[in-house]
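Here come two complexes built around chain A, the first alongside chain B, the second alongside chain C.
Presenting the complex of A and B:
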C-alpha cells in the first residue's frame, strides 16, 4: 500500500464533492434540506407521552434520529454513481493498467467516502442542534451518535459498491441503488409506528439498528443501556460484512 | 538509454526483465469469447505471433473488430488470453503483470480521464499512481502540455475540452510516468487534421527517447508516417508483417491500403 497513490485518489474523490453538483446535492444539500423542512414543519408541534419512553417534547425532536439515520443512507448513491461513471468512461480499466493495487484503489475510496460521511454527519448534527432537535441527548450521547453514524455510513458505502458491481451503467446504478435504500427508509427509520410484524424484515436492515440506537440516545437514555451497545455491535458486523462483500464483488466483477 | 539512467530505472523497477531481446513478444496468441452455444464462439485473436524491437514504433492495422484492441488489452493485463504466450519488457503477462504495469503507459481508445478534473489534475493523478516524484510530474507535465498545445487550456475542466483536446490529454496521461513501453490505441481518432499532425510529430519525437510504441490505427497515412514496421490483422489473424515500404513493394501496391486490399479483398476503413 503506497501512501502517494492513496492520497492522490482521496484528493480527487473529495474534489468531486465540490466539483460534481450531483454529489454535493446528495451528500450534503439533500440531508440539510430534509432537516430544515421537517424542522420548520414539526418544530412547533408539541406532543405529550410520545413513543415508548412516554416523554413529552416537540415532534421534530422525536423524528430527528430517523432523519439523521436516513441521511447516512444517501452515501450509497454517490458511491454507486461514481464507480459506475468511472467504469463507463473507461477509467477503471485505465487505472487497472497502472501499478495501483486493488487494495489501494478500494481502500482509498472507502477512506474518502468515510471523510465525506464524517463531514455530512457533522453538518447534520450542527444543523439539528441549531434547529432545537438535541434537547434530550447528553454530550456523551452526541459523541456516540456520531460514531454510530460513521459506522453506519460504512455499511451504506458497501451497498454503493454492490450496486456499482451489478449495474451496467450509471443510469442503471441510479435506479438499482433504491432497491437497497427505499425499503430501509420506509420500514427501518423509526419515523412512524409500524406493526410488530415488520420487525422480522427490519432485522436485516442496518438502518434499523442505526436509527434504534440514535433514537435511544436522542431520547436521553443512559449510555449504560445495553440495547444501544447491542445495536452498535450488530451495526459493526453489518458494516464489515457489507464493505468486505462490496469490495470483493467489485474487485471480481466490477472493475472491467 | 544511458547506463546511469538504466541504473535509476532499475532501482525503481523500470527495467526490462530477463534476457528477452524484444520489448514485446507475442507467441501464438489466441482469444476466444465463448457464447452459450458453440455457434456464438468468437475468435477475436486467432493465433497471432510477432515481436517488437526495443525502441521501435510498431503499428497494428486492421478494420474494426479485427482484434487490435483485444491484443493490446491482453498485453496490458486487462484480458486473459485463451491460448499462447506474450512477454512485455521480458516479463510474462501471466506471471509478472505487476512488473509489466510499472513499464507500460496505456493510451486507451476511449479518452479515459476524469471529466470534472482539469488537465493538470488528471495528469498529476496518474503520475502519482506511478509514484513519480511531484517535481518530476510538474516538469514533464508542463513540457507535454506545451508540446501538444494544451498549456493554455490546462486549468479548464476536461468536460469542457473538444474531442481532439481530450485525445491529447489522454496521450499525455499515458506518458507522464515516462514508460519505456507505450500502448497507443487509436490515439488520433476524432482529431482534426491540424491537431492530428501535431500529435504525429509528438509521437514521432518519442523515437528520440528510445521508447517502444505499439500503435493501433485506422489511418494508413498515420502508420506510414510513424511506424518502423506494421502488422496487418484481419478477423483475428495476422495477414502481413513488415516495414511499410517493404510491404508496399512486395505486394506491388500503391500504399498500405492497397496491400490490405490485395491480401484480404477489402479495405481497412470498411465498416468504420
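Presenting the complex of A and C:
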C-alpha cells in the first residue's frame, strides 16, 4: 500500500467534493442551515423535564447533539454518489488496470471522509458555541466529540457503499440512500422523547450511539461515565461491520 | 541604580503573589478530611430480610436497651422499604473546617470537657423517583478515642444508621482496640443484658455481636459492622439479623437512569462482534479464493 497514492486520491476526492455543489451543500451547508434555523426557532423556548434526561433548558440545547450526529450521517450521500458515479464513468474498471489496489482506493475514501467529518464538526461547534448551545460540555468532551464523529463517519462510508452496490445509477443512489438515513434521522437522533419500545429499535442504528454519547457530553456528564465509552465501543464495531459489509458487497456485486 | 531596579522587581513579584497567599486555620492532627472533599454512599434496606426482626418486635427491644429516639432502626426501614435496594444515595460535601474548640460538647447528657473541631458541609439524599434533598449540616471531630466513644453514646449509635450520621467522621488518631476495650468495660459496669454484647476491634473499625436471645427476645443474632477510612470518614456500615443483612451503607455513586449502560447494549455488542467475525472470515476466504 503506497501512502503517496492514497493521499493523491484523498486530494482528488476532497477537490471533487468542493467542485460538486450538491455534495458541498449536503456535507457543509445543510448542517449549518440546520443549526441556524433550529437555533433561531427553538433557541428561546425553555422546557422543563425534557426528553430522556428529564432536565430543564432551552430546546435548542437538547437538539444540538442530534444535529451534529445527523450532519455526520449526511456524509453517506456523497459517498454513495461518488462510488456510483465512478462506476458509471468506468473509473473503477480503469483503476483495476492501474497498480492502485482496492485497499488504497478504499483507504483514501476513509481518510477523506474523516477529514470532512472533522471540518464539519468544527464548523458546527463554532456555530453552536456562538448560538449558546454549548454551555455544559467540557474541553475533553469537545475532543471526544470529534473522535466520535470521525468514527461515525466510517459507518457512513459503509452505508454509502451498500447504497452504491444496490443502485444502478448515481441518480438512483441519491434516492436509495435515504432508506438508510431517514429512519435513523427520525428515530435515533435524540431530538425528541421516544417511548421505550422505540428506543430499543434505535439500538440497531449506529446514529443512536453517536447521538447518545454526544448528548451525554453536551450535558456535561463526566468522561468517567461508562455509557459514553460503551457508546463509543459499539460505534467502533458498528462502523467496522458496516464498512466491511460495504466493501464485501461492493466487491462482489457493485463493481460491474 | 542597578540594585534599586532589582529591589523594585523583587518587591513587585512579592506583591504579585500576595493575593494568592491564604491564611488557613491550623487543622488538628486528628482531622483527616480536607475542605472541599466529597463523599457519597449508597443506602440499601433489604426488605425481604426484615420478617424475623418484625415478628420478634425487635424494634421495641432496641428502643428500650439503646434508646435512639426518632433515629431508631425501624425508622430506616419505614423510610425506604417501598423501593428496591440501593434505595438512596447520600452525598456529603465538606464546605469548611472550623477552629478547634474545647467545651461541653455532649452536655447535658455528658458533662465531660471535649476538644473537637467543627466541620461544616452539605448532606442529603438522592432518589431516582423523587427530587433530591440537600441541607447544611455540622459534624464534630473529637480529638481522641475516649471522646469518640462518648460521641457514639457507647457505640449505641451503631444500632441505627440514622444515628450513625452524627458520627460520620472519627479522629484519625483513634485506637480501635482501646475503643473496644473501653466499651466492654462500660458494658460490664452497666451489667444485665449489656454484658451479652461482644465487641471486636477491626483495623479500621469495630464489630458488635449479640447472640440469639442475648437481648432476651431476639430469636436470631444481631451483628453490626462499622468501618472508617484512613481519613476518618465512615466507609461501611452493616446491621444483620440472623445472618441476613437488614441495612448496609457503603460508598457508591448515584448514576441517573439516562447515564447507565442499558442491558440491551451487551446484546448489541455481542451481536455486532459476531457479525464482524463472520465478515472477516468471509473477507479472508474471498481473498484466498481470488489467489
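In this text, the second predicted complex is superposed on the first by the 250 of 256 C-alpha atoms of A that agree within 3 Å, B and C clash if a C-alpha of one lies under 4 Å from a C-alpha of the other, contacts with A are read in each partner's own complex, and residues count from 1 in each chain.
The rule we apply is simple: a residue touches a chain if its C-beta (ideal position, glycine included) is under 8 Å from a C-beta of that chain, and two chains touch if they have at least 3 such contacts.
Keep in mind that what you see is a predicted model, and the values were worked out from it rather than measured.
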Contacts of A:89 with chain B and chain C, given as first, second, both or neither: first
Touching partner for A:221 - first (chain B), second (chain C), both, neither: second
Which superposed partner A:238 touches (first chain B, second chain C, both, neither): second
Partner chain in contact with A:193 - chain B first, chain C second, else both or neither: neither
Partner chain(s) touched by A:12 [first = chain B, second = chain C, both, neither]: first
Touching partner for A:97 - first (chain B), second (chain C), both, neither: first
Residue numbers on chain B that touch chain A, as the complex places them: 76-78, 98, 101-102, 104, 106, 108, 110, 112-117, 121, 124-126, 128-131, 157, 173
Chain C to chain A touching residues, read off their complex: 255-256, 258-262, 264-265, 268-269, 272-273, 275-276, 279-280, 282-283, 286
In the complex with chain B, residue positions of chain A that touch it: 2, 4-5, 7-9, 12, 15-16, 19-20, 89-91, 93-100, 256
List of chain A residues in touch with chain C within their complex: 52-54, 200, 203-204, 216, 221, 225-227, 230, 233-234, 237-238, 240-241, 244-245, 247-248, 251-252
